[in-house]
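Below are structures written as structure tokens.
Paired with chain B in one complex and with chain C in the other, chain A is shared by the two complexes that follow.
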Partner chain A sequence: MNHILIWLIVSPIFLAAVTHFIKKYLVNFGFLIFLSVSIVNTCLSLLVFLESGSDILVYRVGNWSIYKGIILVADKMSLFFLLFMQIIFFFSLLFSKGYVKNDHGTFFSLFYLLQAGLTGMLLTGDLFNLYVFLEIVSIVAYALVAYDKTDHGLEAGFKYLVLGSVASLIILWGIGIIYATTGNLNLAIVAGLMQNLTPLIKGGVFIFFFIGFGIKFALFPFHPWLADAHASAPSPISALLSGVMIKIQLYSLIRIVTVLYGIDYIHDLKLNIVFMSLGVGSVLIGHLMALKQTNLKRMLAYSSIAHIGYIVIGLGSISPQGVVGAFYHMLNHGVLKIGLFYFAGTLIYHLNLKQIKDLKSLFWRNPFLSIMFCIFALGMIGIPPLNGFFSKWLIIMGVADAGYVIPAVIIAIGSFLSLIYYLRVVVIMFEPARKLEERFRIDPFFAIPIGAMVVCSILLVVFGSQIHLILHEIMLFIRDNSTYIQAVLYS
Partner chain B sequence: MELIINSTIIILFILGLYGLLTQRNIIKLAICFNIMEASILIFFLTVGYKPEGSYPIIRPEVDSYVQPLPQALALTAIVIGASTTALMLAFAIKLYKRYHTLDIDKLRRLRG
Partner chain C sequence: MTLSAGILILILSPGVILCKKRWSKIYPILLSLLGLIYHHFLSVESSFVVKFFGFKLNLFSYRLSGDILTYAFLIFGLCVYIFLWSKEKDRFYYMFTLWQVGAAAAILFVGDFLSFFIFWEVISLSSVCILFREAGLSLTGRYFIYQMFGTVSLLIGIGLNYAHTGGMDLQVNTGQLFFWLAIMVKGGVIPFHYWLTSIYPEIRLETTVFLSAYTTKVGIYSLAILLPLMDLQIFGGLIAVIGVIYALKQHRMSRLLAFHLISQMGYVIASINSQIMYGQIGAIYHLINNIFYKGLLFMVAALLMDLFQTDDLMIIRGRGRRYLPLFIITLIAAGSIVGLPGLNGFISKSLIKKGLTNSLTANLLTIAGIGTALSFIKVLYYGFLCVNDQKQSSNSLRVKWHQYVSMSIIGLVCCLIGLFPFLVISRFDLTVNLFNWTDLWKGIWPIILAVILFITCFPQLNKLILQITPDLEGVFVNARRIILVQINLGLKHLQRLHSGNVQHYLVWIVLTILILWTYIAIMV
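Our next item is the complex of A and B:
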């Protein structure tokens, strides 16, 4: 049972290594291998998620004791995100198959390294391993952003590379200080030794992690790379980066902060005010910049910055509702933003449309695609029956309950701003056509993932109460770090 | 002694960061990144260092060793740093072929 955890990391690495040798067969037979491995991995994640119940799985690699060896830890939170990630990667695989025209070998090699790195970031229980997996993810992401080798791609990739590598070094320095002062790298063991540190070192390391991961998930003062990188990457990759990668980097920060420092540390030093103000900054800057964009993917990328802001505000409120809402919003925003990037990618692939004004009367040319866009856009704005509404509502209620009125108002204003820019696109799209333009058919490799994202967003509402229960459990779990520490120490 | 090492680490890091912020040449940016990385590698090596310690292979006549783990971590960090540098230089080649310049100010197309 526990061996599944290591399989989930090793199998994508193996595929990444092998793709180069089977690239001749990738078009048909090789792709079937990818598809079957992806399905098997998704099923295995589901199996572990359902079987583990409320206990925490600890896998000691090579059966060394936790004081010497490397461990993988799978608790409710990481397994939940893992399942979400595997499902998204399955549909991304289909979409990439349709989207990538040449050199399948390199693309899928990088794709699988990204998957392995993200799985590792979710499952690792060790600080240095977290850094290694983070670097795998980051280096692959820099390369994938520039994969098309367009002017914009290369420039955005280089910008992202410089900022991201500085962030990695800052994180590495923080990890080094932790090792120097506690003599260990295992999260649970370090957590027990944290109270021996002087407040200066404790605070300094916190700042290092916060700035490092803040650059990685594009929090307000560190956000400029995201819009360039996510807008210039190939569309399946934009979807993965916006929908999954930045959220898993945020997850890593949550994991480090909650296990090493605990909620009390944040609460005592009023650090949550800092989170919320940066979140408010992200929401405002993201939405205001999105308003003035003319390029569709760039607008979506700026909207991602704003939604990271919502999530950080929700987490910063530390009220039960706000935190549950933030986790729920991670899933909702992930699904919806992936759908929107798939939409943009389909248009780029079939019609080479990049600007918003080019979408004129799209509805009369392809009703299916336009209606899908409307569902995603309404979900992003937060119109009641769709999933985006419920998570935003939870965040607003949580924030307001905790007594912070301004962030709650800012979230409402942000929704209004997003209404303006999404509605602008919808209006252009439904403009009556002067002459009857020919319809175009979309490839099933594009139609299936887009349809699946709509189904996912509906399922997120239909099973809302069950998901809410799971997220509530996760919230209680990260509130009290002693559960995690004891489960690892007495494994 | 400790003061000298610590200040070296901090000065190197700040020097590298200053270079990254002010330099306009892509190759120089890669060098500045490596300077920053070197400062952190020195930090890792000082963590496990003992003045009287021997190299970490257990022998009966020695009882004080330097810690091997930080060195292993530094090796991993070197590998990761090398791959990041390689990627930066690959970007430099691609950008130079396209624009015939290494000045990042001259290839700014993405704004706003």
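Our next item is the complex of A and C:
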């Protein structure tokens, strides 16, 4: 079963390499091939997730020793996020098929490279490969942001490139210091050698990782690139960047911190205050900036910054409910925000509508889209019984339970702020039509992914208790890094 | 494991979507009836606890006051659906109103904060859906924002409480201010009433019947559940007086009734947390009465609107005199609200006054009682009794039989629990005789005084009230404008910081690194 792990990374890389060939010579079957691989990968991810139980799978590439070679490690946390990512990529593939026209292979090539990079980030067990996959993801993301080759897109891509490169450099410094002091980059091995680092250097490395990944997942005050990048990228990519990519970058930070440092380090140095402060800043800045936006995708992008703040606050609380709530919110926000970006993309594709004011009377032209937007928006605001409510509830209770009252209050206020900007869109959308508006139909390639995201958000509530159990196990697992370390060392 | 009647209604409510036109009207009636029968046979010892997201949801925890209020909610719901029989309402309207009835009945028995929060939000959400179809976007948006303000306050309160106790049991130990704020906003209590008085006049009156019976009542009932130790006697008394003063200024039935709704809630607030049993029971009794007589009055207003295309008493000017049954029903409802002996309002108001320990509140409630009587004498006079000199066009519209049936049932309930209070009181193991000369006189004299004032100096009194009362809504509008301007300025400043200059962003990163490094250097 371990071989499945390498397949999940290699298959998208292979597809990325042959996309041009498929587009050129297998015009009629090209998409079927893409779809088949995507379905197979999703099923394999599900299989591994179900079969592995609470075991940790370790795959030594080329059967090299863990001290020298590349290893892939799959535990419950990485497999859970892997499954989530595969499902999202499957629907994004459908949406991209509808959205991207006249592509000769470049888009799907980048699409698959992004998938490969993110899978690698989830499964890698050493810092070197983490950095390699992170760079693959980053470079592909810069290219995809500027894919439309518009002035805005190129400018956003350039800004993202500058800040993203700074982030990569900072992470590289951290990795470099670790290698210089421990002589190894395998997470499990390095974890045992961390005591070789002086407290100040250990703290410095933590800062490098925290800030480097913080820039990557757009934590306040490193967030400004996100609004430009997500607003300028093609909508299926905006959805992936906002719904999956920033979450996996946050996942990488969680993995590094929990394995190398352990939860006690955060607790002893009171670093939760840092998490909380920057999380609160993200919530406030994200929501307040979203209030002023006139471009729909920019508004959604700023909202993503706010929701990253919720997640960081939940994680920073280190309370069981806060951490579980944060993980659950990663899924919920992912599903809902992807749905919202699909919505924005559908409007751009069919009507070239980008500004909020352009959505006037949309309900009378396409009720399906408008109602879908309302469901996603209500979920984002956190209105029960939609999924967004339950994760926010868990975070608030967890954070309050840990004694951080102000962040809990800010999260609640954040919901109020988000109501205002989403309501503004709804009001415009449902404005009575002055003249008989022409209705428009949307392709199944757009309708199916949007409908699927609604179904996913309902399923996240219906199976809430089961998901809660899984996330609780993950939370217990990351609180104790010895299980991970032993599984790798004795593999 | 037993479901409450409210949850049963909520579960079955989507069924109305599947019904064909006529059945979509019958379905809510049958469902209310089913809920009523189901609730009647529900065992007191039953409970319903499920585990959800790591929390225990206590969906059925028996409360006597909740039990009695459920009867009121369901009987009233049944009557409203009969009242709506001839109205053109689609299936979604019925589904949303069923959510309102179901969630209101369900919340009365919940035993934990999460369930409480969810059901309260279902009530708010169903109100938003109903309003969206009736009142337009602007008003619905305003309503939603007000409700969300209450929701956020409640959420903060629950969070603080959870931080303090580590449990979700419906017991407030800290953060009382936030719970109070949430209840006041959601209950539409002065000074958080703006949504209520600005929205009720703008929507169809039959919809107001729903909103007045469930949304605000659940809000006020929550006081007894969440803040049982908070002494609100004087606050309640003041609300009763202020509400009635503003009601006296109105000549549109919808606005007048909206302010009376606030005023009557003042009675409940004054006594719901009373340490004397009379007061507590009086408050619950008054809440039940209010559901019936206020609902009945809104039904009358809806009919006047249908008949005369206005609810402005100064335009109607006695044209209702041709509808004798309607006049009798209005008389019963008005008699109930002013506390006329023999009708239900008299019982609850007498109990409330017996439960008061503060003489100032007693005086305030007496003043409010006089004002209420004066206001409803005005309604009866200008609606049904005064002689209209203008030539009247013949009106072919008639009140429908089912509307009379529905209003008669409610009127009958008002009389029944007014004449035989033991039907309700005995359930609380309390025996009291309110039909003695002292209590009867206490109930009658404010009405007599109001009649005298109406006959002798009502125009002068009205003029005086208009002069001395500030325009509360104007204050709200101005305050809102000032706040919005300031927020806008702040947001513009924030936007300037996000100018797109990459150099600035790099400086932020370097500064953060330095600050964090300093922090870690200190901590290690």
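In this text, the second predicted complex is superposed on the first by the 487 of 491 C-alpha atoms of A that agree within 3 Å, B and C clash if a C-alpha of one lies under 4 Å from a C-alpha of the other, contacts with A are read in each partner's own complex, and residues count from 1 in each chain.
Everything that follows uses one rule, which is that contacts are C-beta pairs under 8 Å (C-beta built on N, C-alpha and C of every residue); 3 or more make two chains touch, one makes a residue touch a chain.
As the structure is a prediction and not an experimental result, all values here were calculated from the model.
Applying the stated contact rule after C-alpha superposition, one finds that A:151 touches chain B and leaves chain C untouched. When the two structures are aligned on the shared chain, A:274 is found in touch with chain C, with no touch to chain B. In the superposition on chain A, A:408 makes contact with chain C only, not with chain B. In the superposition on chain A, A:162 contacts both chain B and chain C.
After overlaying the two complexes on the shared chain, residue contacts for A:393 are found with chain C alone; chain B is out of touch.
Chain A has more of its residues touched by C than by the other of chain B and chain C.
Touch criterion not met for A:473: it reaches neither chain B nor chain C.
Contacts of A:228 after superposition: both chain B and chain C are touched. By the touch criterion defined above, A:173 reaches chain B but does not reach chain C.
In the superposition on chain A, contact of A:289 is made with both chain B and chain C. Touching of chain A by both chain B and chain C, each in its own complex, is seen for residues 155, 159, 162, 166, 228, 289, 292.
Residues 155, 159, 162-163, 166, 170, 199-200, 202-204, 206-207, 210-211, 215, 221-222, 224-225, 227-228, 269-271, 274, 285, 288-289, 291-292, 321, 324, 381, 383-385, 389-390, 393-394, 396-397, 399-401, 403, 405, 408-409, 412-413, 415-416, 419-420, 423, 426-427, 430-431, 464-465, 468, 472 of chain A are the ones that touch chain C when the two sit in their complex.
Those residues of chain A whose C-beta lies close enough to touch chain B in the complex are 128, 132, 135, 139, 142-143, 146, 149, 151-152, 154-159, 161-162, 165-166, 168-169, 172-173, 176, 179-180, 228, 232, 289, 292-293. If you check the complex, the residues on chain B that touch chain A are 13, 17, 20, 26, 29, 33, 36-37, 40, 43-44, 47, 69-70, 73, 76-77, 80, 83-84, 87-88, 91, 94-95, 98, 104, 107-110, 112.
Put simply, chain C touches chain A in their complex at residues 51-54, 114, 117-118, 121-122, 125, 132, 137-138, 141, 144-145, 148-149, 151-152, 155-156, 158-160, 162-163, 166, 490-492, 494-495, 498, 500, 502, 505-506, 508-509, 512-513, 516-517, 519-521, 523-524.
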